[in-house]
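Each of the next two complexes has chain A plus one other chain: chain B in the first, chain C in the second.
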Partner chain A sequence: MDYFLTQVAGFWFELVSLASDPITYVYLVCSVFLGIVFGALPGLTATLAVTILTGFFGNKFPLEQSLIALIGAYVGAIYGGSYPSILLNIPGTAASAATAMDGNPLAKQGRGGEALGMTTTASFIGTLIGTGFLLVFVWLLLMISKNIASPEKALLALFGILLSGTLMSKDLVLKGWISGLIGLAMAMVGLDPILSETRYTFGWSYLMSGFQVVPVLMGAFAVPQIMDGMRADGSIGQKVDVGRIVPRIGTVMRRFPTIARSGVIGTGIGALPGVGEDVAGWVSYGVGRTVCKDGDKFGTGSVNGLLSAEAANNAAIGGALIPLLVLGIPGSPPAAALLGALKINNVIPGPTIDPQLILHVVAILVMASFTMAIMGLLTARVFIMVLRIPQTIFLPVVMVLTTIGSFSVGGGINDLYLMLAVGFVAFAMNAMHYPIAPLVIGVILGPLFDETFRRSLLISDGDLSTFWTRPGAAILLALNVALVVSQLPIVKRLFTGRKRSPI
Partner chain B sequence: MEDKTALRARDFWTSLVLIAVSAFFLWRTTHIPFFATRTAGVSSGDWYNSAAVVPYGIFGLMLLVSIGLLTISIREGGAERALRGAGIGWERDEVIRMGCISAILFFYIFSLVPRVDFIIASALLITTLIFGFHGGHTGRMKLSAAVFSVAGLYALIVHFPESQWAKPHDDDWVTLIVWVGFTAWTLWRHGSEPQVRVAPYIAVLVPLLLVLAMAFGFRQNVPNRSGLIFSQIEYHYYVTLKPLWAK
Partner chain C sequence: MKRSAGLRICAAILALGVGSATAQDYPYRDITTAVVWGAGGGTDTINRMIMAEMEKELPVSINVINQTGGVAGSNGMVYVMNQPDDGYTLVGLSESNVTAAVQGGWDKKFDYWYPFIVGGSPDLISVPKDSPYNTIDDLVAAAKDAPGTIPAAASGAGSIHHLNLLALEKGADVTFKFVPYKGSAPGQEAAMAGEVALVVTSLAEQAPLIAGGELKPLATLTPDAAAVGDIAIPSAFDSIGGLDQYLPLKQAIGFAVHASASDDVKAKLGAAFEKAMAGDTVAEWAKTNYYDIGGQYGDEATELFRKLESNFAWTLFDLGATEVDPSTLGIEKP
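Right after this comes the complex of A and B.
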């Protein structure tokens, strides 16, 4: 208990020191604004916002300041996706796809302002709930994580890739797994982490250090969006009118149980390795439809439906940072971009992470959520105007942004070649309904998996039983096996009673 | 939702490519010592020491799941449609659109960014993309790609070696002339369209502000510092402007 109180006191101290520094507000206002704009513009994502800022800040700025900008953009972008979802029925980000289900019908009923106001409030409370869980659970897990050895880490990394592949796949689950395997394969390029043996470099010295995370992220998330989005689109550019945006306190209080429940669900889903905000939104929406009294009205303009999705996707941010900080395993694609930023600054998340940094992250999340709420309620009309910019105008600008961002991190043209090559591959994968998130998670977790898997074998003299004789490893192995087995057609048929379902 | 059989036809081809890629990399993995290796005088004679253990697993699994995907695609009718262009869901206009964008991005990254001033190269990119793709006209897409390719091919062919990249060359001027000429033509012929009128402002301001912010604000590296415009900016920043406040 004393330990917990010490951490809470440490958090307040960090919050006060952050709030008393004027530069914090400059970073927060600019980054949250940028994040909301990125979220609001269909085609641009939270991951892209965080990645582009990672390129800009690199390691030339103190990490404490870079983190304010990166987390501010992350929070802003997840929230910003709700604008086009509600007003245009076009999800700004994948995370806000569920928001459109009830947000747009509300806007069509002339209640767009109310929907935006409630969304802002739900996102704000949701982020705070996720942050609260982050503050509490990160310490518990950090204590447990000191007992996590190589076999557990290897199996957890594998679980993250498998889970991401399973849940992110919109077509066959096999495609999600293939995407994760491609990411893992990309991570094998370069010098291996234990013997420094060269792998798949084909004599090119650039590949000795492996694929850099930032160009891969830029290529995977920016280039396909640019290639796909550069087409005539009549749905963007129309003028949108909304009424009163600031919600009434009574309405918020009445809806608080829905927001709180969704916040908890969102945090839980966000904490699963490699899953992220979009799955959180849909799961919470599904739960809300089952438990809410007006569940049968979901999809026709239900405020509870709107809040279920929106509170959860923002709460997932705090959840996604838990595995990132404790184990170095990102809970979502934007968290993967954050991990890239940490690595550029030579910070290795995990049991040895500086506790002060965790408190700093929590304090930034709290301040970012307040900034987001204030900007969302008071300057919503500015973001509504942003929606009128056609994709064909802003996507060329994004291409220039990603090029200079990707170049700056590594300082070389080779990073741009890598970015474009990954971009073309990611575009082809998108066209064939392969999810991109597992690929990125694979690239990021690949080195961790490789190193910890081989270290486990090295320590046990090649005895594979090390992966099931340790209790933690046995549980994780069982989870991995269960995840794969649950997707087999024969098992699916047993549980769902469906006739034939390809894996 | 796209036609599922068309998707399976694409899956058919993808699975064949993945099988070939997995087999190739499995073969390449055999180049990594697996048993009884000796690296830098250190003997590591056990399979579990080898750097090839995990790659064997990854590419082996990829081969298996690719065969699984091939089986599904054949079972769901993908193989039957796979040999027809229409069968895999390709439309002529979409192929042209993708070809034009790919050409522009290819020449931008592989040809202009390494060799030409970043502001000029990006201005041409923004102008051609906005003009070519805003309205969805196939003719404009082709024209934009052709104009961009002229500048890209010139820089690529005339100054191909890496040793030439950082040196100031006529390719900066060629790209600038192409951009000015193309912008003037679009304003003359299509000046009534709002996106055409706004494009030159975006094309100049965005890369200029970005480069200034990156080089002098964020203190990051920027492409081609010896470029026509950036070299002048950098010179006057350090020689003309900085002494003003340094004193």
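Right after this comes the complex of A and C.
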């Protein structure tokens, strides 16, 4: 309890000193805006935004100030990814792929303004929840993340792939799993993580580094979306009812359980080293679908679905900073870029970190989330206007931005061919009602699964019992099994009380 | 008429541009350094630090970017290779890049580069805080009793830390169960979670965890002892006799310019590098981050990298982990 009080007191002190310095606001507004732009442009990621700013600030500015800019951009970019997800059904970053599931149907129903407003609120509260955990429960979460070894990570990755396969299928669950397994197979291409042997590279050096996530993401979501848009009669823009953007207090209060639950899930996922915002959104969305009363309406424009995804990916930021600050192990790719910024300034994060710095980071996160909320609510009215632009004019522009985004990861022209190839495959899969999201999740989580699964067996000398003799692994294994078994027709029939359309 | 006047103006501007370009000395425009490893890693951090210092000695700015991926950082090296050798594109690299050729990432020997070495951090062997082993002798004795069963973490096959582990095995005549990780941080994390019994990474990477009591250091793999705060770390050379045949094998982190660049470019970069390395900022940075300062460049650094290349390439070849036979690339046996 004493610890709690000193942390909170220290936090208020930091917050006041931060808020009373006018330069803070200059940094905050610029960096959050930059972050939102990076997040909103398809293919440009939060990692890229933070990396570029790390290069710009270097050790030329005081660390206190560069941290404001870096964290501001991080928060902004994770939030900004939700704009194209909702408005265009193209996730701006991998983190907001789950946001598109319910965000875009809402926009199509003319509730885009409401969706943007709710997203902003959820991102805001989500960030604050993650930050709260960073402030108060840092040591508890650290204990959890320190005890997660290879078997748990492998099962978690598998759970993520199976879960997205289960959730995304419109008719047969099997189709979602097939899509997820294709993604998993794609992740096998390249140098294998254990022995550094080449796999499925056919002697082509481009394939040795494996398939990069960004071109696959853009190919899977943006290309088919653009093709569909161009095929449809797009001579006039969609009708847009802007309506009320700032949500009513009552609505937020009613949705609060969803937001709070998603925030806690997001923080937990973010705190696991190597698993970040990209996964947090999906897991929370999956949990929401099972727990919420309107779970069967997820995917058709459910506000709860939107909130589940969006609160979680922003909460993951606070979570990802926990192992970074107290172990020196980044919890997500943008956190790795932050690690570089700290090290250039002679700050070595780890168990010996100055506790004052954690409080400073918490204060920045709080300020950044307020900035993000205000800017988001003010600019939503402008952003939503893109829907009024005729698609024949707008979509080619999106295609150019998407291409730039895919090119930005550094694999050269081959990454663009990859994007197009995945795009055509995705288009065909969409036409046959195979969900494409599990494929992308497979590509994102596949390398993690591959590496940790094989390493678990390497350490246990091939003994499979390593996946159920550890308590954490046993729970996760049970979840995986339950997920698959629950889809068997015979088991489904037992649950006649809670009848649902096949998921 | 009007058109030809316009053309003439264009030509004049062009001529002026070209004229001034040849007349001006290197460097007259900004330099870009492409780091082949990711943001937040040792090579990235060192390059951002040294470039900021060298900038003060040069009339232009230096931008640091990351060009990651490929095999042993080959994407970044190929990227810089394809830029003109005019000294405006440098490559930020480390000793681990010497395996790119034998692993099939590109087809150049490392003497393609003219390297500058900023420094490196010595490797050490550590165990989890609650480990039964308290000295390197305990560990070696346990490994002799149960050969090939004690799981040891190091970054992927062919990394500097893996080679240090191999050298320790040869020197002490023991075998561990090598468990590769993608980088040092995940390996250390695994040691803290008790997934492996020991981890070999650099002092710079372990220092905060040692100071925080999360890892227990057993010995350095260099002839010199080290210390983190009050915790003294003895040298493994003191207790294991045959180690000096195989070790030390040290990190060399820095940057490079095309070896084909002009002497003027090399001299200018060399002068700025020397001044930057002599400054207090670098010294203070190295001390806080547990790095040993290098400062070699030119022939001395080329020779150092040649030795590393030969050692790494043939060790990997013996392990059967190469795509290309080192002898076809003209890499001599160590």
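Definition applied: the second predicted complex is superposed on the first by the 275 of 503 C-alpha atoms of A that agree within 3 Å, B and C clash if a C-alpha of one lies under 4 Å from a C-alpha of the other, contacts with A are read in each partner's own complex, and residues count from 1 in each chain.
Please note the rule applied: contacts are C-beta pairs under 8 Å (C-beta built on N, C-alpha and C of every residue); 3 or more make two chains touch, one makes a residue touch a chain.
Since the structure is predicted, the reported quantities are computational estimates derived from the model, not experimental observations.
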First (chain B), second (chain C), both or neither touched by A:419: first
Which superposed partner A:195 touches (first chain B, second chain C, both, neither): both
Contacts of A:453 with chain B and chain C, given as first, second, both or neither: first
Partner chain in contact with A:350 - chain B first, chain C second, else both or neither: second
Larger contact residue set on chain A - chain B or chain C: B
Contacts of A:403 with chain B and chain C, given as first, second, both or neither: first
Which superposed partner A:124 touches (first chain B, second chain C, both, neither): neither
Touching partner for A:60 - first (chain B), second (chain C), both, neither: both
Contacts of A:146 with chain B and chain C, given as first, second, both or neither: second
On chain A, the residue positions that both chain B and chain C contact, one per complex: 55, 58, 60, 194-197, 411, 458
Interfacial residue positions of chain B with respect to chain A in the complex: 7, 10-11, 14, 18, 25, 28, 32-33, 39, 44, 46-55, 58-59, 61-62, 65-66, 68-69, 72, 75-76, 97-98, 101-102, 105-106, 108-110, 113-114, 118, 122, 125-126, 129-130, 133-136, 165, 195, 198, 202, 206-207, 210-211, 213-214, 218-223
In the complex, chain C residues that touch chain A: 38-41, 44-45, 48-49, 52, 63-71, 74-75, 79, 103-106, 151, 156-158, 177, 179-182, 185-186, 188-190, 192-196, 207-209, 211-214, 284-285, 288-289, 321, 323
Touch list for chain A against partner chain B, complex: 55-58, 60-61, 171-172, 174-175, 177-178, 181-182, 184-185, 188, 192, 194-197, 199-200, 223, 226-227, 230-232, 390, 392-393, 395-397, 399-401, 403-404, 407-408, 411, 413, 416-417, 419-420, 423-424, 431-433, 449-450, 453-454, 457-458, 461-462, 502-503
Contact footprint of chain C on chain A as seen in their complex: 47, 50-51, 54-55, 58-60, 146-150, 191, 193-198, 205, 208-209, 212, 273-274, 327-330, 336-340, 343-344, 346, 348-353, 409-411, 451, 455, 458-459
